[in-house]
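All chains are identified by letter, namely A, B and C, in their written order; residue positions are counted from 1 within each chain.
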Amino acid sequence: MTSPPRWAVSCLSVASVLAAWELAPRAGLVDVTYLSQPSLIVRSGIGIIATGALWRHAAVSLQEFFAGLLLALLIGVPGGLALGSSRRMRRFLDPPIMALYAAPRLALLPVLVVWLGIGLASKVAVVFIGAVLPIVINGAAGIREVEASLVLAARSLGAHRIDLFTKVLLPGSLPAVMAGVRLGVGRGILGVVVGEMYVSQVGIGNQIMQLGSSFQIDQLLFYTMVVSVFGLAATTAVRRLEERWRPWSRER
Amino acid sequence: MSHIEIDDLTITYETADQAGRFVAIDRLSLRIERGTFVTLVGPSGCGKSTLLLAVDGLIQPAAGEVRVDGTPVTGPGRERAMVFQDFALMPWRTVIENVRLGLELHRWRDGDPDRRAQRFVELVGLAGFERHHPHQLSGGMRQRVGIARALAVDPEILLLDEPFGALDAQTRETMGYELLRIWREQRQTALFVTHSIDEAIVLGDRVVVMGKDPGRIVDALEIDLPRPRTLDMADSRQYVEYRRRVRSLLGPGDAAPQAGSA
Amino acid sequence: MSGSSGGWRASLGSGLASFTVIAAAWELGVVAGVLNPFFTSRPTAILSALVEQALTGALLVNVRVSLGEFLLGFGLAALVGVVLGVLAGWYRTVEYALDPFLWFLYSAPLIAFYPIFVIWFGLGAWTVVAIAFLLGMPPVMANTLSGVKRVDRSLVRAAQSFGARDRDLFLHVALPACVPMVMAGLKLGVGRALTGVVIAELFGATAGLGFAIGYHGQLLQTTEMMASLLVIVALGVAATQGLAGLERRFDSWRTGPG
C-alpha cells in the first residue's frame, strides 16, 4: 500500500484549499464578506504591520501572557513538586484540581473581571489559571516518575529531605515539568485572546472582536494567523528545552 | 565483637490489600567479621535484599537489631555504602558527577571531591568516560560507576545487592573478577547478595545460604579457596564439593540455573 | 491521577470530602470577615440562589439551552471527528492531506472564529453550536486517527495469517482496537466543547448558563454568577466522569499496560 510522500500530499492539499478559497469569491460562488480571500488577508496583513498596529496590540497581549506565565511558573512548579511529594496532600487536593482542570475555566472570566477589573490584571489572571494547572499536575506526576531506586541510592549515600529534593526529585521531574509548561503555554495563549475578546480596550483579542463586528474578516484572520504562529513557535521552543533535558530517557 | 552483628532481626511488610503483615525475615541472626567477603545466596523472595536494606539502615526492623562495631543501626551512615542491581545512577549526571554524589551529600572536606571521584573512576577502569552520561554506557560500565560511587565515600562496609543481576552471563563473570580486584585494594567488609551459586562461591570467603517463607538462614559454609580467585578453581574437587553442598542446602529447583557449568 | 485501588467510588468519596471541606472553609472565611462576600459570595448564599433559580424555572431554562447546544455541537464533533479520524488513520493519503488542517485546528485560538461565526449564523444558538463543534472536533479526530494508526501490528499479522482481507482487518481488528483511544479523545473533546458553549454564550447569547454568568457579572451579582458557574463545573465533571465510566466498560478487555 504505497502512498505518495507526506510532503507532497500535504502541500497539495493545502494549496488546493487555498486556491479554492481564492477563486471561489472571484467566480462569484461565495460572497467575500463571509469568507475573505488569501490575497486580501495578505494585503491587510501588510497594512497592519506597516501601520504598527500589529506591534501595538501584540505588545499588550504579550505582556499579559508573559506576566501570567511567569506567575504560573513561580507558583506552579514548586506547588506541583510539593504536591507530588506528599501522598496525603495528593489525596486531598486531587479531586478539586482535576475538577478545575476539566471545568471550563474560561467561564471564570466574568468573575475575574468583577474581582480585577477590565485592565491587565484580569487577563494575567486568566493566563495564570490556564497555565498553572498543567504545570502542577505534570510536576506532581513527574516526581512520582522518579525511580524509587534513585531515591534509595541517594538516601543510602546520606541524603536527607532537602538534598533528596534538590539533587534527585527536582532534576528527575524536570522533563515532566517542561511538558506541563508546554501545555500551559498553549492554554495561556488561549486565555489571553479570549480574555481580551471578552473585555479589553486594547490587545489582539480586542482587535479580533472589533474587526469582527465591522466585518473586516481579512484583518481578523490575519491576527488569528499571527496568534497561531506565535503559539506554534512558543510550544516548539519549550519542546526543544524538554528534549534537551530528556536525552537520557529517550532510550527507555 | 564482630564488625556487623545482626541479632534476631525480624522485618515485616504490609501487604497491598492490607490483609495483614507479610513476614519477610524472621528472627535472623548473623555475625560478619571485619574484612571478610560474605556472599548471601537464596531463592527469590527469601529476603536477602531486604536484609541488605536493613543493614544499610534504609528500612526499620519490626524487631531485633543490626549493630555495626557495637552501635545499633538507625539509618544510613557513611561507613556503609550500597551497590544496586539496577545501578540507580542519576541519568542527568555524568559519570564523574554520579561518583561524586556521595561526597557532595556527606559534605566531604577531606580534599577535592572531584579529584577523589576521578581516582575511583580510574580504579574501576572507566578512565576517559568521565563526561559520559549513563545512557551512553553499557550495563557493565554503569555498574562500575555504581561501584565507584560506593567506594568514593570510603566505606568500611560494602553492600552489594545482586549487582550483576542485570548483566549478561559473560559480563557477569568478568565483573565478578573485577570486583575482587577492586576489593583487594582496601578489603572492606563486603556483603554480597546473589542468585547464583557459582558467583557466591567464587567471590566469597563465606557463603550464607538463606531460605524463604519466612526468610531465614539455613546454613553457612566457609570457603577455603586461596585468593586471588582464578577461573580454573571451578574445576577443583574442593569447588565441586562446595557447589554440591550449597545446592543441597538450597533444596530442589531454587537457585538460578547455571549456564554451562558442571 | 487517582489510582485504581478502591475504584471510582472511593475517589468520588474523597472528592466529596475535599469539596465539603473547601466549602466549609469558604463559609467560615466569609463569617470570620477574611473573605469579602461581595467578591466571593458564600456557599450558603449560592446554594439558596440555586434553589431559587430552580424553583422559578430559570435554572432549568438555562441548563436546557446550554445542554442542548452542547449535545448538538459535541455530537456533531464526535461524529465528524471519528469518521475523519478513521479515514485518516486507515488511508495514509487522507492523513497526509488532512494533517496540516488538524495541526491548524490545534494551534489556532479557535475562539477567534467567534466573530466570523456570528457573521455567518447570527447572534444565536447556532453560533454556539458551531463553536462547540469547532473546539470539540480536533481531539476526537486526532485521537481516533492515532488509535487506528497504532493498531498492534501483531494483531494485524495474526488476522492476516488467518486469511483476513483489508475489509476484514478494518472491521474486525482496527475498529475495535481503536476504541480506547477514541474514548480518550471524546473525553478531551467534552471539556473543550463545553468551554466553547460557555464562552460563546458569554460573548453574545440570550439564554444559557454562559449567558447567565455574563449577565449577572455585568450587574456585579456575584452570587448568581457563582451559582451558574457551579452548575457548569458540575456538568463538566459529570460529563467527564460519565465518559470515564464508559471508558472503563470498554477497558475491561484491554490487556497489557495502562
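By our rule, contacts are C-beta pairs under 8 Å (C-beta built on N, C-alpha and C of every residue); 3 or more make two chains touch, one makes a residue touch a chain.
Everything numeric here is computed off the predicted structure, so don't read it as measured data.
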Partner chains shared by subunit A and subunit B (touch criterion as defined above): none
Central chain (by mean CA position): A
Geometric centre distance via CA averages, subunit B-subunit A, whole Å: 49
Inter-chain centre distance, subunit A versus subunit C - centres from mean C-alpha coordinates, in Å: 18
Separation of subunit B from subunit C, taking each centre as the mean of its C-alpha atoms, in whole Å: 53
Complex contacts: residues of subunit A adjacent to subunit B: 147, 149-150, 152-159, 163, 167-168, 171-172, 174, 245, 247-251
Subunit C residues touching subunit A - in the complex, by the definition given at the top: 1-2, 11, 14-15, 17-19, 21-22, 39, 91-93, 96-101, 104, 107-109, 111-116, 118-120, 191, 194-195, 197-199, 202-203, 210, 213-214, 216-218, 220, 222, 225-226, 229, 232-233, 236-237, 240
Touching residues on subunit B, where the partner in the complex is subunit A: 53, 56, 58, 76-78, 80-82, 84, 86, 88-92, 101-102, 104-106, 133-135, 149, 153
Residue numbers on subunit A that touch subunit C, as the complex places them: 1, 3-4, 6, 8-10, 12-14, 17, 33-34, 90-96, 98-99, 102-111, 113-115, 137, 140-141, 186, 189-190, 193-194, 197-198, 205, 208-209, 211-213, 215, 217, 220-221, 223-225, 227-228, 231-232, 235
